[in-house]
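Per-chain residue numbering starts at 1, and chain names A, B, C and D are given in the order in which the chains are listed.
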């Protein structure tokens, strides 16, 4: 064994430069991507008098929560809307998982006859303009008593999110090694047992991704919520935001806009940052096929 | 030494707090077939990757053909490497795979093809030039990987456990082919393996490694007969050497090692060391007898038709001259 | 249209009756939708009603550009609210589609209805039947900034009386330089322009929108006169550049910034200014035409109506009647600086001496409201012939071609 | 025999989703197609008119203008999204801390609702109170604030900037998944073979990540062909209706003009176009293999 340390020769300049270049590009990309978020975040804390200042200032002269107060106290008060949105998002998540997990399992692991046809059928709703589908769906919901009903809205959001969910779960289940399934089968486990004890734990990141996308879709969806819900106390956050931002003849309340954009983004961003690990790996498992 | 084709000096590599290579010095001469041998995780693959330039060392020097390449790109080191997985480009034909380094060097297409064909002929791959890797057998893929190395005319060939993905029969065959290739080309080869048979049969220099350190460097028989420490003695040789406490056999040494072929079975009565046969392995040309003794299980290697049966009480004897003597730290003591 | 009580007989009826009587008897809860931008006055009215009536109304504000959509879909789905207050301009479409309850008998018997502003009577009548009444009115007027007038050497107490004068005054104010401009209009806002620009065309003798495929559309010289005046102001830089793309975001705030000499606006400006810029020195006058004395206005605001098939029709009818009562008109509207919809109450204790309110009251009486189907398609949509005409004529410069194209398309829409 | 039972079990797992999709997606789609053959109004009434709506559509210059603009938008934004997405994927594929951070930040806007991000950018682009304009002025890129939505070209550019910011991370992640699924050995072999980074990208990454690239392209193209929110909220279809998309037209036909039949016919046409485009893209990819 040699105890001496022999320092490395200097790195070739080209390689050093490349390292710095990559770092510089990364930092530039990060700056560009964060700038709009930071700008709107700072702007939302400007005092009312500064919200429509021309020319605009980058930093608020003083921190003020006036814009947020306006948003928070709008009509029924923001918590009513947040509660409704959370309720609908929660039901959407459950519906998406309950439907996409078994479906993804079946499509990934069983020789279902006409499998690809079913799969394409499930994906079909991705290719229809949602705004057009809304009327037939609304008319059907009216007959079923699903209008003015948060569960109905959750069904609507599930319709939007289901194709991607099934696609993702199918790929997640396909990524589970065959040996594990075979071992479970040799052990005599039932299909349901296999799903519960072998597949679901391994496809958990995919499920988290499904849940997150369901949350984001539901949290942000506007027109369906507006058309289905009939009373202010049942409205969701996006409807409130549209209301608080717009005034007579399409005039815009810039301060309320900045605050409400932040309010609408924040839950999504926080949820993403908290669950990022699962989110990205779920996407990766879903995407590699 | 002036004609060292590869020289490593005080080479170290750490991954965070983990020291994978703890200061390696090594010289490989032109035309040598050098095997890096050791159990998995001993650092042999890392060492190879350092030589290839796929990892950057933490400190030390790497010289190839008299040139300091420590900070050079892999492609500038005049080396070629055959990967364990072969690393063939799945979307390219055999010809494209072999000629890819020429393509990277900007060689004209016609020249590339001619050169690839030439190399393919040498490896009997010429009928397969248009195929994709997925359409080849394991042995054929192996040869394509070698062809890709050959085409670059390197100063040093690097092999990373190239035979581990082949079945037993094919492995033997490829071993012979590689040896022949080495002889025909007279090339310098560095060959990583955990299989001592491969190392012993193919290499003329073996570097035994453990835990990031070189344990011993030498020719195959050197290592077998003259291991410099307990680790090398235990690692080289199949069946493995028997270790006994010196006190048990009346030798004034901490521990001794006796190779199975150096132990004889004698009648139990009066023998200094005796035990009960617990297992007899008959391999045709030889027989391995495992004997449970008070100092542990010992293995005896004898002729094919050696008489032994399970449950039998036997005595064991060996010539003290043939025993290897180790001290507390596992170092070999001569005599 | 009256709803018949369903006949229920036998044991089923007994059950239901038992179930019904088991419930405590309490006042009815009415639901009412109001479009977002009329929510404030609507709320004042509803609160006044709720404070004095057993049947309480719950108000839900719906974003403006979604109101009609929502009303139409809810009618299709059969879950309309009990009352609705929406932009009066959609009355013809809704009346024709049979979405509203016929109020003819009730209103004809109501003495308060006799003095209801004529424009609201017109817009809410279809085939001799009446379907609604004006609820929270608004009307367009012209505003001028007295301080800028003074600075430009104009008489601060005298606003423009002709379209030509608007151009003249605007030019002088623009001459002050810097970021002071003569005139403002929201160039990409169809609704703003039908509200404040079309009355000038009407005042100058034009007929605006066609009621059917054979009707007149954009006829008369007024259309061209006004577009030419706007184009002159645009070309000479009397209008800020961002007017071209303004979809209404600055319809009010541009003038309120104090940098604009003249702008069309609505009666709502009075209460807004009182609230946010109490010291702002401005005047209001009627939207002018080609000659002095030619004036008009666009009567806007909301009507209140009862969607067909509502569950609380009787109570809803009570509310409609109340809207025209002295209490609602004076305590609900006038007291809050909102115009009354009854002409006999226009001059009241709350408006006395307030020139601005009186100007808007005058505007209400001389104003027009287009009674047409497909108003959204013709005017309000983002690519309507109306807004395309305004933009093409003013910003691109082809006035005759723009009018011609818009007329053809409006007639095509009207003949649907 | 076991296969057959398996198939039935699989079908049973798939059944709830198939039932949901048939009931809430396929049936409304059938209803939509039926509506397209009628003159149904959102205000009620309507009758069977056969192919009349389709005839009107194909003879309607507004339909063709909207369709062409949608194609233009798709044709412009797809290469931008895929090019940038690919470049970013190359940048962030290696697992170093700075690159991982870049990856997270670039993906951040993906989790924000399209409506929120459109409103945010609508503000940033405003010529008076918008900070993006102000920033460009302060950086000396432009002399005075640009009225972005005044010309179709700059309006489109503004929408593309905002949408790129919002969704480029999605393509990046999908493509990155493709790149990361390529065995590291291949890149090492290529380094030893002396392939420059450019050659590695061209000869190894592109062919081997082609599948995820195609998947990302298909999803992106479908999304662009269905573009609505970003134009509705930012350009309002202006100036002079030059930034009107197909879905915008469908929305207006149905919800502003109440012409459900026509709106349905436009939707069916768009649906057929998108499905054909998707099939063609997938075929091309399969053909290349």
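By definition in this document, a residue touches a chain if its C-beta (ideal position, glycine included) is under 8 Å from a C-beta of that chain, and two chains touch if they have at least 3 such contacts.
Predicted model only: the values in this text are computed from it and were never measured.
With contact taken as defined at the outset, subunit B and subunit C are each touched by A, D.
The leading chain pair by number of C-beta pairs in contact is A-D. In this assembly, the chain whose C-alpha centre lies farthest from subunit A is B. For the pair subunit C and subunit D, the distance between C-alpha centroids works out to 38 Å. Measuring from the averaged C-alpha position of subunit A to that of subunit D gives a distance of 16 Å.
For the pair subunit A and subunit B, the distance between C-alpha centroids works out to 53 Å.
Each of the following residues of subunit A touches two or more other chains: 52, 54, 135, 139. Touching of two or more other chains is recorded for residues 69, 73, 76, 247, 249-250 of subunit C. In subunit D, the residues that touch at least two other chains are 42, 126, 128, 255. Taken chain by chain, the contacts fit none of the simple shapes, being neither an open path, a ring, a star, nor a full set of pairwise contacts. Listed by label, the pairs of touching chains are A-B, A-C, A-D, B-D, C-D.
Chain contact summary for the complex, subunit D toward subunit B: residues 183, 185-186, 188-196, 199, 203-204, 207-208.
The touching residues of subunit B, counted against subunit D in their complex, run 52-54, 73-76, 79-81, 83, 85, 87, 89-92, 100-101, 103-105, 148, 152. Contacts from subunit A toward subunit B in the complex involve residues 1-12, 15. Interface of subunit A with subunit C (complex): residues 52, 54, 75, 135, 138-139, 141-142, 147-148, 223, 226-227, 230-232, 239, 242-243, 246-252.
For subunit D in complex with subunit A, the touching residues are 3, 6-7, 9-14, 16-18, 20-21, 24-29, 31-32, 35, 42, 88, 91, 98-99, 101-109, 111-116, 119-121, 123-124, 126, 128-132, 134, 137, 145, 165, 173-174, 176-178, 180-181, 211-212, 215, 222, 226, 228, 246-247, 250-251, 254-255, 260, 263-264, 266-267, 270-271, 274-275, 278.
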